[in-house]
Amino acid sequence: MSLLEVRNVSRSFQGLKAVDDVSFDVKEGSILGIIGPNGAGKTTLFNLVAGAITPQAGTVTLDGRDITGFAPHKVAQAGMVRTFQLMKPFGSVSVLENVAVAAMAAGTSRHDASKAAAQIVERVGLGRWRDLQSSGLPTAGLKRLELARALAVRPRVLLLDEVLAGLTPTERAPVMELLEALRAEDGVTLVFVEHIMAAVMRLSDSVLVLDQGRVLMSGSPQEVTSDPRVIEAYLGQEPTDVAT
Amino acid sequence: MLRLESVCAGYHGLQILHEVDLEVNEGEIVALVGANGAGKTTTLRAASGVISPTSGQITFQGEPAGGLRTAGLVARGLVHVPEERALFGPLTIEENLRMGAWTQRKTPMSGALAEVFELFPVLADRRRQTAETLSGGQQQMLCIGRALMARPKLLMLDEPSTGLSPKLTWTVLEAIGMIRDRGVAVLLVEQNAGQALRLADRAYVMESGSVVLGGTGAELADDDRVRAAYLGL
Amino acid sequence: MNTVTDQSPDQSPDPSTAPATEPAPLPRPIWGRHLLVLAVIAVVLVPLPLLLPPNTQAVAVRVLIFALMAVGWNIMSGFGGMFSFGHAAYFGLGAYVSVWLLVNHGVSPWIGLLVGMLVAAAFATLIGFLALRYRLKGAYFALSTFAFAEMLRLLAINSDFVNRAVGYNVPLRPEFSLAFMQFAPGSPAYFWIALGLTVAAIAVSILFLRSRTGRFLVAVRDDEDAAAAVGVPVMRTKLVTMALSAAVTSVAGTFYAQYYFFIDPDVAFGSSVSIQAILPAVIGGVATIWGPAIGALVLGPLNDVTATLLRNPPAALSFLEGRAGLDVIVYALLLILIVLLLPQGIYGALRDRWRRR
Amino acid sequence: MTEQIPSATAPTVAEGEGHTSSPRLWARVPWTRVAIGVGFFVVAIALAYLRAGNGDVVRQAVLTGILIGGVYGLVAMGLTLIFGVLDIVNFAHGAFLAVALYITVTMVSRLGVNPLVALFVAVPVMFLLGAGVQRFVLAGAMGKPLENQLLITLGLALLIDNVLLMSFGPNPQSVKLPGDTGVQIFGAVATVSRLLAFGVAIVLAALLYVLLQRTRLGTAIRAVAANEAGAQLVGIDTRRIYMATFAIGTACAGAAGVLVAPLVTIEPTTGELFNIIAFVVVVLGGMGNVIGALVGGLIIGLTEQLGALYFPGQSPLLSVFVVFVLVLFLRPQGLFGKAS
Amino acid sequence: MRKTWIAGLALALPLALAACGGSTPPGTAGAGGATKAAGEAIKIGSLHPLSGSSAADGQQMDNAAKLAVEAINAAGGIKSMGGAKLELLSADSQGKPEVGQSEAQRLIQEGAVSIVGTYQSAVSQNVAAVAERNKVPFVIDVSSADAILAQGYKYSFRLQPSGTVLAEDGAQNLFDVSKAAGKPAKKIAILHEQGPFGTAIKDTFSKKAQSLGMTIGPVASYDAASVSDFTTQMAAVKASGSDVLMVAGYYRDGVLVANAVKTVKPGVNAVWGVANGAFDVPTFPGEVGAAGEGFFDSNYHLDGTNPDTQALMKTYQAKYKDQIRTAAVLSYDAVRVIADSLERSGSADPTKVRDAIAQTNLKSLIASKGPITFGPTGENEGAAPILMQVQSGKVVQTFPKEFAQTAPRYPATPAS
């Protein structure tokens, strides 16, 4: 059985279908990449799965438990945590405190939370910034902070919304390694939205392509990138534009 | 007409642009491509006076422009269309367009209005509708139309295809070509690098806050380094 | 239209919403040191009433009542970012509950103080739930708190249960007693009790900030969505905060009634009470531990100072004598100036200066 | 496009970002809502009739409610403009109105003119005063936290009230409109001055509407309210628009002051009477919506009068606040704001 | 950070100035009050709302208290104390109880041997408690709430008739006058402000009126601070067929009542104010014009038939270019009471002054049924309301006979 099952979720805003009848499964310990052009409904899908928005139709099941319509903090407590594409730090406090709060929200005691937070901050490479006011971090730092905060909850499923965007190629490598380590060592299941094809190709076990709120196709990274529909909708108008 | 020389800029003491040099000449489309976070938007913001450069020189039509207030630059013909569009949602299409001509107090606006409607006929049909009721593509057209109302000499477009379907993206890019044909220079930041490069007369590739490559659109479109910088391959 | 989600990340945050300060190392929270400082200040202040000229003692007590109200307000509206314009409701409940118990049932105000805290906390939870359930924010949230406070005032005016608009006198006791919080006029005991309550309130706010819920609260204030996304129970955090804030402010109400011996609906629930809870915090520094107390220290005497000064002016200013309203004008001008020039408040400005060093 | 909507609107809609969530300066007439509203009041009036058991009283209550409501709307119009565009909760609005009251008193007593003539002085004077206050006091508080703005405007109110107290003394004064007699309307009576205030409220609402809808300045005001960044991009000097808006709002308070002068006893604190009610009306009508302010004023006027019939023992204000809280909860964007 | 400094300076300046100018050196005066050396002025505190919404009355009252001190000093001061002069310490309650309380405390600490005040009942409640606790006499000039003296305080005295007396006499006067006119009042509609004053008057008046055989018609209350129109209430009065409208309220709302009466024409025989803050005020007929013609007010009032009062009215008019109101005459009387007590006690010890005040027997400048004498609770036993009526655009005393400048005109259907 899949750890996360999303069945036929839909949501429209003012008559506009942002997410239209989308379904997918994620097996425990696997990595699902979601791609699609801007405006395809990826973030809305995340919002629906993570409880920020209630779906108008469909269900979300986590480890056999129906969590459709759960409030976001209940979803997090159930073991599924999301990050934000537009970074949302707790701006007035330090990096460490950002992470410690998340750890406490997951039930860790205050004392242990600080220790756990310090470890995670090191692990995502924010060590030298840990005492900075988080609102002052550069984009790359904020992206990592999003990740660190999510990790502090010790999630079973991690929903990552463009964690690599805004990072330079040299900055990306350690983050990708971290993601792989999370899966391999911690057994975390990952769902991530990403534009950077290299990362999608390298990390994903399977890829879901969204376009205009609907599932365009899904399959292995290779299947997806060679599909003419995907190339047309996402990678560019003419296949010759893209090397893959 | 627009020239950036060794421009450094950033936010809150955080430097994002490192010695950026670029140039836009009369009547050409210049594309600015690069990965997310490369500093493209910041470059536009510096050029349009939204932020002030910390060092370096920005000149527009031979006169210094760095750090000028936006209103002054608009009056001189440098108009910025931001990615977030910043339309006046509760105002009608026509009102949005009329506001675009705010600095053109002296010239009658019927001509400009007609030109915009000619370029984007769909806007003419909906002139009494409020901007927030438009679809994403129409909003993008309105945003470009509003910028044209200021009778710009140089239009700076930030990711005009954001959120648009490929088909619409093409419509918008076509319109940009038509705008250039009317004698307006265009500085274009675009994610659809392939299309942008083919449309552009010249292009620059940015990476980590610096311009790393420059050349004609066609040259760069075939350059492996562009693929590396933009697509991360 | 206004917010773009698929924003390219090189789009830095809009300058207007970005923080004013550059990334600076934040000092680690030093709760222990705050508590220590508090204890030292408390001890230093204990002999104050014995040193002060008698006519300034009333001012000192007023400063403490101001501080107590503002410390309460600051918990919810400063640290919690939920702007309340109706703290008169909690102040008034504290005053009315304790006095009602005292007058009608002879219950000691100390017990009344506790019951008042409970009632105020319960009321805050109720209106907090309603306001949050309907997602009121900013000015709308503020106006709803205002409306609830006004409704309490109007209900009190027209309810026989609480003596209508007549209000209550606290009965004077033949002999003074600690159990009934009544002492000889000018007794330093009033100051000491007010000091004790204020110190306790500041200590509570320090301990609260240090607690799990307090740290959740700051996260929720900074970004509610992000807090919820990592599992912070947003609603519960806010409600606990509001209840605590209300309870602290209600203590001020109870003490006020015992110190001034009289309450009526306007005194207890009037909108000027809500303003008095806000003023010291804003003047001293919103969302700071010491701000409300510092603000109260400035504001408490300010009114008296302008009043005395302009009503019995020194020779050089004698032409001002007898111009009713002038003292208030000076007071208002100073208020505007302080808020304009020190938008972070006195403590906030000092702290920023100190940090920049 | 599709992907923009969710995170912008979803859980934090209510108003969150203040005026960036595009206040409606004018919504196209929502006929169904108007019909529901009218239906509601028909029922309310029928109930009032049953409760009072006398048609004259109910008729008088309705007429008085409407006329008072017009005055409330008049006072609230300037406030809603300021609230909607500058996002400032202006507690000094009542004090500005009091300034206009004293301008009227002074002109009538010194020059012996008809009080309405004071309009020609009060409106421009208040316009300039508003511009000055915005430029030199409030501009520094733009974008500051709500509590800072609140205290500054409260300080202003205190300042103005007491300057009036010092200059004009505390004695209550009054102004008479020549030929101010009672007029019979459907079995109820109203004074000419009240009818006049009501009429001018409607005219003023219409003028403001035309200003906002049909003029270049008005469009710019709405544009700044809708999207400040966008306004800057097209070259609008937003600081001047803010100043002009505040000045217009204050000028409205000036006009309201002149018209209200014959209806009230003029004391330095008279303006405060209207402050709270005006805020209720602004929220009810939807921030920044001048027509909404007029309708909101009528609703509050009627609520107050009919509420006094329902609950004779309670203060009419109580029913006003009950209605206010209900509207806040159920339609936080105001009765005439657009649903989000 | 120039701004910080400016603000700092703005803060420091008044504080520093206050340090030099405002505070009293410790030891000059204590709550216990040592006997004053001859030649040193005896201080009397005057605590009134000098700013805020009641500033008009408050300032008049303070002025009158000053006039009284001047008059007494000019007449040779306190003779039993070697011609000691009086000094008036003025304080502003701002109409706020807590300000009144701390100002009272301050006045006492600055050496006031007695306090005169305060106009608002809520403030007086507070000040009475302060006075009691400090054992300094408090002479209430104006404040009607019964509760103030119901606490068993020993140090508070009240010159104006209490709410109970005002309301009962108001009903009695109505009964007498209407009966004498041959049109006994039958059904009384009541309009009262919802504060303690209006509510208490309404309750007592209704009881008394019913005991005199009248019935009570519709009763409506209102918030004096925010009410802006009475036409609906007036329509209800008209519809009820009441023959008298009793009104207990303040000035601003009283004017609104007159306007509403004029507009709606409720058809009553009389608009009957009880301790009304408007109907007997000299400026009232001028403000409302014909609308107020014939209005009654049963209220405590300065005695226009008393030559001393007339002299005071002239002096006040000359000095302050304003017509003195009854409230201010009461303040004047209050200072006289204190001076008289000082004279009799020959001591500035507040306790002794208190005992002397309790023994007061002084002719009042206010119309009353006897001289000022204080009963066991501190109420002025001589105090009684008289009946005023607006006749031909002037407030005149009409009843009882000994104070009548002219006879009451009843019925006086207003706006007819």
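Chains here go by letter, A, B, C, D and E, matching the order in which they are written, and residues are numbered from 1 within each.
To be clear about the criterion, contacts are C-beta pairs under 8 Å (C-beta built on N, C-alpha and C of every residue); 3 or more make two chains touch, one makes a residue touch a chain.
Here the structure is a predicted model, which means the values were calculated and not measured.
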Write down the chain pair with more C-beta contact pairs when D-E is set against C-D. C-D
Chain whose average C-alpha position is farthest from chain A's own: E
As a test of understanding: of all chains, whose mean C-alpha position lies farthest from that of chain C? B
Chain-centre distance (mean CA atoms) for chain C and chain D, in whole Å, is 30
Distance between chain C and chain E based on Cα centroids, please, to the nearest Å. 35
Approximate Å spacing (C-alpha centroids) for the pair chain A, chain E: 74
Please tell me the distance, in whole Å, between the geometric centres of chain B and chain C computed from their C-alpha atoms. 50
Chain C residues touching 2+ other chains are 1-10, 12, 18-19, 22-23, 154, 157-158, 225, 324-325, 328
Which chain B residues reach two or more other chains? 12, 14, 36-37, 84-85, 87, 89, 132, 136, 139, 162-164, 191
Multi-chain touching residues of chain E, meaning two or more other chains, are 51, 55, 59, 194, 221, 223
Given the complex with chain D, which residues does chain C contribute to the contact? 1-6, 14, 16, 77, 83, 85, 130, 133-140, 142-144, 147-148, 150-151, 154-155, 157-158, 224-225, 271, 275, 278-279, 281-282, 286, 323-326, 328-329, 331-333, 335-336, 339-340, 343
Interface with chain E, chain C side, in the complex: residues 53-56, 58-59, 62, 154, 157-158, 164-167, 169-172, 184-186, 256, 260-262, 264, 266-267, 272, 298, 301-309, 311-314, 324-325, 327-328, 330, 334, 337-338, 341-342, 346, 349, 353
Give the list of chain D residues in touch with chain C in this complex. 3-4, 6-8, 11-18, 20-22, 83, 87, 89, 137, 140-141, 143-148, 150-152, 154-156, 158-159, 161-163, 165-166, 170, 227, 229, 268, 276, 279-280, 283, 313-315, 317-318, 321-322, 324-325, 328-330, 332
For the chain B and chain D complex, residues of the former touching the latter: 48, 50, 70-71, 74-75, 79-82, 84-91, 95-96, 98-100, 102-103, 132, 135-137, 139, 146-147, 149-150, 163-164
Contacting residues of chain C [partner chain A, same complex]: 5-10, 12, 18-19, 21-26, 28-29, 211-212, 215-216, 218-219, 221-223, 225-234
